[in-house]
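Structures are listed in the sections that come next.
Okay, so chain A shows up in both of these, paired with chain B first and chain C after.
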Partner chain A sequence: MVVKRADIDLSVIGQRRPRLDGPEKVSGRAQFTADINLPGMLVGKILRSRHKHARITKLDTSKAEALPGVRAVITAPDAKGIWATQNEPAICGEVTRYIGEELAAVAAIDEATAVRALELIDVEYEILPSVTTIREALKPDAPQVDPGAPGNIVSDNTDTYGDVEDAFAKADLVFEDKFVSRPTHNLFAEFHACVADFTRPDKLEIWTPTQSSYLFQHSFARAFKLSVNQVRIVHLHTGGAFSGRGSVRPHHYIAALLSRKARRPVKVAASGDEEFLVCRTLGDNQYVLRTAVDRDGRVRAIDVNATLDGGGQGHALGYFGWMVGLCMTWIMDLDAIRFRRQVVLTNQRPNYLGHGGMMIGTNAGLMQQLLRIAKYLGRDPIDMLLQNAIEEGHHGMSGEHFASCGLKECIETVRDASGWNDKYGKLTPTPDGKLRGIGVGIGSMAAGARGAFKHDTSAAMVKVGEDGLVTVFTGIPDMGQGTHTTMAIIAAEVLGIKATDIHVVAGDTDITPVDVGAFAQRGTIMTGNAVKNAAQDARDQLATNAAAALEVDVEQLVFRNGEIFVKDNPEQRLPFSKVSFGSLHSKEGRFVMGRGFYTTPVDYGTAAWSFGAQVAEVEVDPETGDVDLVKVWVAHDCGRAINPLAVEGQIDGQVFSAMSQVLFEECVTDDGQYLNPSRLEYKMPRAYEMPEVEYFLIETNDPYGPFGAKEVGEGPIVVAGGAIAAAVSDALGGFLPEIPMTSYKVWRECTRLSKSPDRSGPEAQSEL
Partner chain B sequence: MLLPEHTLLKPVSLDQCLIMLRDLTAGGGERLEKAQLIAGGTDVIFNMRLKFFQPEHLVSVRRVPELQRIEELDDGGLRIGAACRLVDLADDPRIQSRFPAFKQALDAVASAQVRNMGTLGGNVCLETRCWFTNNSEEWRQGRQGCFKTDCEHCHVIPSSTHCHAINNADTPPALMALDAMLTVQSARGSREVPIAEFYRPDGMDHMDLQPDELLTHITVPATRDRNLFMKYTPRKGMDFSLGAIAVRCGGQGERAENIRIVLGSISSAPIVLVEPARVIEADGLGDASIEQAIEQMRDELGEVTNLYGRATYKKQIAKTLVRRALVKIRERV
Partner chain C sequence: MAKHIMSLTVNGDTREFAVDDRDTLLDVIRNQMALTGTKSGCNTGSCGICTINNAAGEAVLSCLTPALEWDGESVTTIEGLEADGQLDAIQQAFVEFGAVQCGFCTPGVIMSAKALLNKYPQPTEAQINEGMAGVLCRCTGHIKVKEAIRNDFRLRINKGAESGSGR
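And then the complex of A and B:
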């Protein structure tokens, strides 16, 4: 259901529209990187470290090089000076820090030859002492993962807003809980893959799934000392990203290095369990959450102390952590907040961000803690959230100004729709003995990436064909979020034509203009505004010619339903295609091309935030610990629903992924090795587990968003994580200190809480 | 992951198949190095990609007509060829009406796609599984070897002298509860083995089957007893179970005669619960008696390990399955 504040006159936006690339995806015609086959292309395979911490004492590739069919073998010296991240070589030369690290690579005429060649590489290791957990890594005499990170601490950053000490001192009560989120994997539908053609010294061409061809272009240019536009990045359809495809990884550089050496195009694609080693996603994250609150329910301050397992690298993790802390300030009117994050190195896979950033973990802890506080104070949690929730016009602690905010409306909507007042505190077990619980979560998400990047620009071009068909050129990738359909709808709205008359050409840096990429929920607001501006530019050009033909002023023209007509006299009209045809065939010979770009108008951070509230209802089987997520009510302030069907699809996906991360997904590790690197053993649920979802799209019409739109790319997942965790907590009557709350852990907590019910109050720590 | 090199042999009769097996395995040695039988391939191909099986020859039984038939016995029992597909058996109305436990177990196997290819013989002979080894060869190089990779070590129980990989197949517990009989043939002759005696609690050597032998038939005798199968999986739909149970029980209501309770997916062989069955036969299927039976089962589970889940939790799952299966069978007419 779309809840409108004020209607504006729109003809294309707001309609429920299937994605434009749907038919090619469901029919199997859609092209992904693995489908690319260039003439003479070789298969690249990577030799990976089998030890979590070891010195490479010998690496002899002579037998592999001599194998017929092998065209190139590369080792660390070939990749000298190429860094995947700040301190991470593209190919490890001396000391390997985790199982799966790249040691060498081969390119051969087929996969069997490449695999055989890897077997012929002679490696000898000197095993070094290792640490595989945060606890081990922080011991005073622990083995060092990186000589440059004393004590295994690679970074320790604290962001503070307001006077934290003062706020905690003045508050009536302080609650503290420990919370852990276990390592996950993004589990894209499309595995990591890269095709590189570096057969010419002055042009490097790359086909790969990515969130940003722009950043990839810059990274490759830097690594290979090329000018930026000597690098061509092509992204085709991309099968999921979830924060996991934002930067160039060793396998990308290796594909390019192999291609350069072999003078042939090379394809590198991860196999099943290799996929789990290559992925950079959430590691073991530990939080101490402290909340200062007054007896009347006012939340004064939040203090989070996070210890994050960076794995063998983890340099980027501390930097992006700032957003996790800020995210908590965008929901409640606090006096102060502190977010400290210490990134610890271990001999594990390097970690980064996962689906939902890192915010599912923090929100699953925070929403449980707020529930605990409300119960202690005898307050209804929803009343307490309404008391603290921010409102439109609010000024945030890091200088944000919330020009639109429907948070309270979202909370009230899900409260009423879910029947909260009849359920909270009144749910009794089902006839077959299942415990029932209901939980609420709230959240906010920035739409835009300013602050993370120096500039946050998106540019777009709109080509109007003489037949009236329109092509939109954009650099933003569609990883499944449907952004290309969104761009078509925005352009169609401006030009007054059908979305199906628009073709989106995306993600080829030789063709498409600059776009920072699909990060930080910037697609709709940044690229959307750029496309809107480009379409407006094209419209203005068409309008000049139409106005002359109709003998009216351009201001009088309306573009609607494939026609251009005079506002006060709709019978005075011209078909859109006739005007574009006429422009080209006029004396001027104008071929209509619109240009547009957009960057955020504010100095720091972004201009718009989405807000959301969700209520989740669960049933818990106390004998098995199974949690059945029965229903989720979702209210999301997306500004405007450009395409309500796509917004609901995004919400579905995020409720699913939040459920998956809160209840199921965990990379089980044993001594530095993943025990479940497969879709069989990594227990991501399937459609059977998907709950019923009821949607409320709250349109607050943001002044900065294109037609008022903000984001729906990551907001709902964070909220859902909090609501589901709180619902399980409500069913069990206690704080669950870890996600995923797998059946085993829920059963264990059920057993513990049935023996000693949780009546803990302020300063009582929950046990880990 | 590529398949190891091999030749594919396609015998067209049972005799030809048995002679092939005899000739290929002559001179001793492990069958897995010489000739591996393949029917649907859903387990064999997977294990070959992981390089657990690297046979010189694959012997396909898909063209052996004797193994594809279901024979109806005079008393209503069924003699089922080992190469009958799981999907065909699950759709067979005789199995649905006569052997609910068997039908439920067939439906529980993996996914529709796997059941379309997989066979009953393949499920009965399913390779044991362990997450300390059950990945690619490259992955396995990241840790010490174990019994599965020709090394005298077990990651599950380091002090153990044998492999603790799990028998995760769904149909064996049901067939054991139904007292099924297996026919095993070789060029040397034919023998009948009760399925309850077919499995051994050793993950590396979990079946009573010689290299030249072939499981040809599974005979399910007629029964009037109530029977059922259940399994517990971390996810709904396709998943290997953390525990499975099959129960067959004579009598009606709380009266129980000739009861058989079999747990699967707990160890390298399905477990027939003896003392709990005795308790139920003596005291019936009342709630108190069921709890008493659950108390009694503890010693019979053997060493429950941390393989695929915490040991304490797997014991809890086993107890819960026993409780729920016994309550449910009590309600059956």
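And then the complex of A and C:
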């Protein structure tokens, strides 16, 4: 259901529209990287470390090189000076820091030959002492993962806004909870893969799924000392990304290195269990959440002390942390916040971000804690959230100005739709003894984030064919979120034609203009504005021609339903295609092409935020610990919903992923070794486990968004994580200190809480 | 490794292939026939992304199936669902109801749905849940996939054509 708060006259935007690439995808014609077969292409395979911390004392590739069918073997010297991240070599040469680290690679005529060649590489290791948990790593005499990170601490940053000490001193009560989120995998459907053609020294061509061809271009150019546009990145269809495809990884560089050495195109693709070693996502993160409140329910300040598991690398993690703390100030009008994150190295897979950034973990903790506080104060949690929620026009602590905000309406909508007032505190066990619970979560997400570059630019071109069919050129990848269809709808709205009359060309840096990429929820707002500007440019050119033909001023023209007509006299009209035809087939021979770009008006971060609230209802079996997520009510302020069908799809996927991360997903390791590296053992919800989802799109008209649109890319997942965790917490009557809340852990908590049922009492928090 | 000659009918086309013991149906379909619509998901039978249909219209995990055991058999892949240039009702339902996002699992999800609908043209919720339990979809959370399956029958009636031929 779309709840309109501000309406403007629109003819294309706002309709439920199937994605334009749907027919291509359902017919099997859509091409992904693994489907590419270039002439003479070889298969690349990577030799990975068997030990979590060891010195490589011998690496003899002579037998592999002699194997018939092998065309190239590379080791660390071939990759000298190439770093996947600050301290992560493309190929490890001396000391390996985690199981699965890249030691060597081969390119051969087929996969069987490549695998056989890997077996012929003779490696000897000198085992070094290791640490695999944050706790071990922080001990004074712990083995060192990286000589450059004394005490295994790679970074320790604190962001503070407002006077934290003062706010805590003035507050009536302080609640403190420890919370842990366990390691996950992005687990997109399409495994990591890369095809590289580096047979010419002055041109490197890469086919790979990515969130940003622009970042990839820069990284490859730097690694191989090429100019940026000597690198061509092609992303065909991208089989999901979920924050996991933002940067160039060792396997990408290895594909290029193998291709250069073999002088043939090379395809590198991860096998099933290898996929779990290659992924870079959330580690074993620990949080201490302290919240200062007054007895009347006013939340004064939050102090988060996070210890983040960087795994064997972890340099990128500290950088991203700033937003995790700040986003708590985007939902509640706080006096102060402090967010400290210490990144600790361990001999595990390097970690970055997962689906939902790091915010599912923090919000699952925070929403449970707010529930606990409300219960202690005898307040209804939703009333307490409404008391603290920010409103339109609010000025944030780091200079934000929230020009649109539907947070309170989102909260009220899910409260009423879910029947919250009849359920909260009144749910009794089911006849078969299942405990029932209901929980609320709220959240906010930035749409765009200037920071990685001085600019946060998306550019676009709009080509108007003489037949009236239009092509939009964009560099933004579509990983499933439907952004190419969104761009077609925006261009169609400006030009007054059908979205199906627009063809989107994307994903080839030789053709498409610059776009920073699809992350930080910047697609709709940044690329959307760029496409809008480019379409407006094309429209202006067409308007000049139409105005001359109709003998009126350009200001009087309206573009709508495939026609251009005079506002005050709609009978005076020309078909869109006739104007585009006439432009070219004229004495001037004018071909209409629009161009546009957009970057955020602020120096850092963004100018627009989405808001959301969700209520989740669960049933918990105390005998087994199984959690049945019954229903989720979702209200999301995404600004203008360009395509409500796509918005719903984004919400579905995020409820799924939040449920998955809160209840199921965990990369289980023992002493640095994966125990569940498969899609069977790494548990995700199946069709039968999915709850009913009811949607409410609370539309606002954001002044910075194209036609008022903001984001729906990661906002709902954070909210859902909080709501689901709070619902389980409500059912059990206590704070669950860890996600995923797997059956065993929930059963254990049920057993423990039945002995001391009320954890919100004075023993659980420090009262000042 | 020694090669054997086998024949396989894929989407109505019969061809002979030289395969060894290691080759799966997925290898033959993707590498030898160059029908890349069928995707390789996990290669361990865990995710259902490689699903095709056998002659009886049942779901088969092509990544786990040794090709040689299927000598002389007939299968349908995602490319075989279209008839006369028209999408099958279930393909159309997937587009119309937003059951497609990144599209990588889509061929396997549709072939699983097709097998379900071959068995139960108007499936109950329980039958949908059981029939779709073998496939993973990370983007859609299965929600609109189920909606598309519920609406397949209606689309088929609206098309006025019998597309439920069991293939």
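Operating definition for what follows: the second predicted complex is superposed on the first by the 757 of 768 C-alpha atoms of A that agree within 3 Å, B and C clash if a C-alpha of one lies under 4 Å from a C-alpha of the other, contacts with A are read in each partner's own complex, and residues count from 1 in each chain.
Here is the rule we use: a residue touches a chain if its C-beta (ideal position, glycine included) is under 8 Å from a C-beta of that chain, and two chains touch if they have at least 3 such contacts.
From a predicted model like this one, the values you see are computed outputs, not experimental measurements.
**Student:** Pick one for A:R29: touches chain B only (first), chain C only (second), both, or neither.
**Tutor:** In the superposed model, A:R29 contacts chain C only, not chain B.
**Student:** Does chain B (first) or chain C (second) touch A:G272, or do both, or does neither?
**Tutor:** Both: A:G272 reaches chain B and chain C.
**Student:** Scan A:R686 for contacts with chain B and chain C and give back first, second, both or neither.
**Tutor:** After superposing on A, A:R686 lies in contact with both chain B and chain C.
**Student:** Now for A:D21: first (chain B), second (chain C), both, or neither, which partner does it touch?
**Tutor:** A:D21 sits against chain C, while chain B stays out of touch.
**Student:** I'd like to know which partner A:G239 touches here: chain B for first, chain C for second, both or neither.
**Tutor:** second
**Student:** Thinking of the overlay built on chain A, is A:P740 touched by chain B (first), by chain C (second), by both, or by neither?
**Tutor:** Neither chain B nor chain C is touched by A:P740.
**Student:** In the superposed arrangement, does A:G356 touch chain B (first), chain C (second), both or neither?
**Tutor:** Once the two structures are laid over each other on A, A:G356 reaches no partner at all.
**Student:** In the superposed arrangement, does chain B or chain C reach more residues of chain A?
**Tutor:** Touching more residues of chain A than the other partner does is C.
**Student:** Between chain B (first) and chain C (second), which does A:F664 come into contact with in this model arrangement: first, second, both, or neither?
**Tutor:** After superposing on A, A:F664 lies in contact with chain B but is clear of chain C.
**Student:** Thinking of the overlay built on chain A, is A:S678 touched by chain B (first), by chain C (second), by both, or by neither?
**Tutor:** both
**Student:** Taking the contacts chain A makes with chain B in one complex and with chain C in the other, which residues are shared?
**Tutor:** On chain A, the overlap between the chain B and chain C contacts is residues 112, 271-272, 678, 680, 685-688.
**Student:** Sort out for me which residues of chain B touch chain A in the complex.
**Tutor:** Contact set of chain B toward chain A: 1-2, 131-132, 134-136, 138-139, 141-143, 232, 234-240, 308-310, 313, 316-317, 320, 323.
**Student:** Hey, which residues of chain A end up touching chain B in the complex?
**Tutor:** Touch list, chain A to chain B: 48, 50-52, 99, 111-112, 115, 271-274, 623-625, 664, 668, 670-671, 673, 675-678, 680-681, 683, 685-689, 742-744, 747-748.
**Student:** Given the complex with chain A, which residues does chain C contribute to the contact?
**Tutor:** Interface residues on the chain C side: 22, 34-47, 49, 77-79, 81-82, 87, 91-92, 94-98, 100-107, 110, 128-130, 132-133, 135-146.
**Student:** Show which residues of chain A lie in contact with chain C when the two form their complex.
**Tutor:** Residue positions touching the partner: 18-19, 21-32, 34-35, 37, 112, 187-190, 237-240, 242, 271-272, 479-482, 645-646, 648-649, 652-657, 678-680, 684-688, 690, 693.
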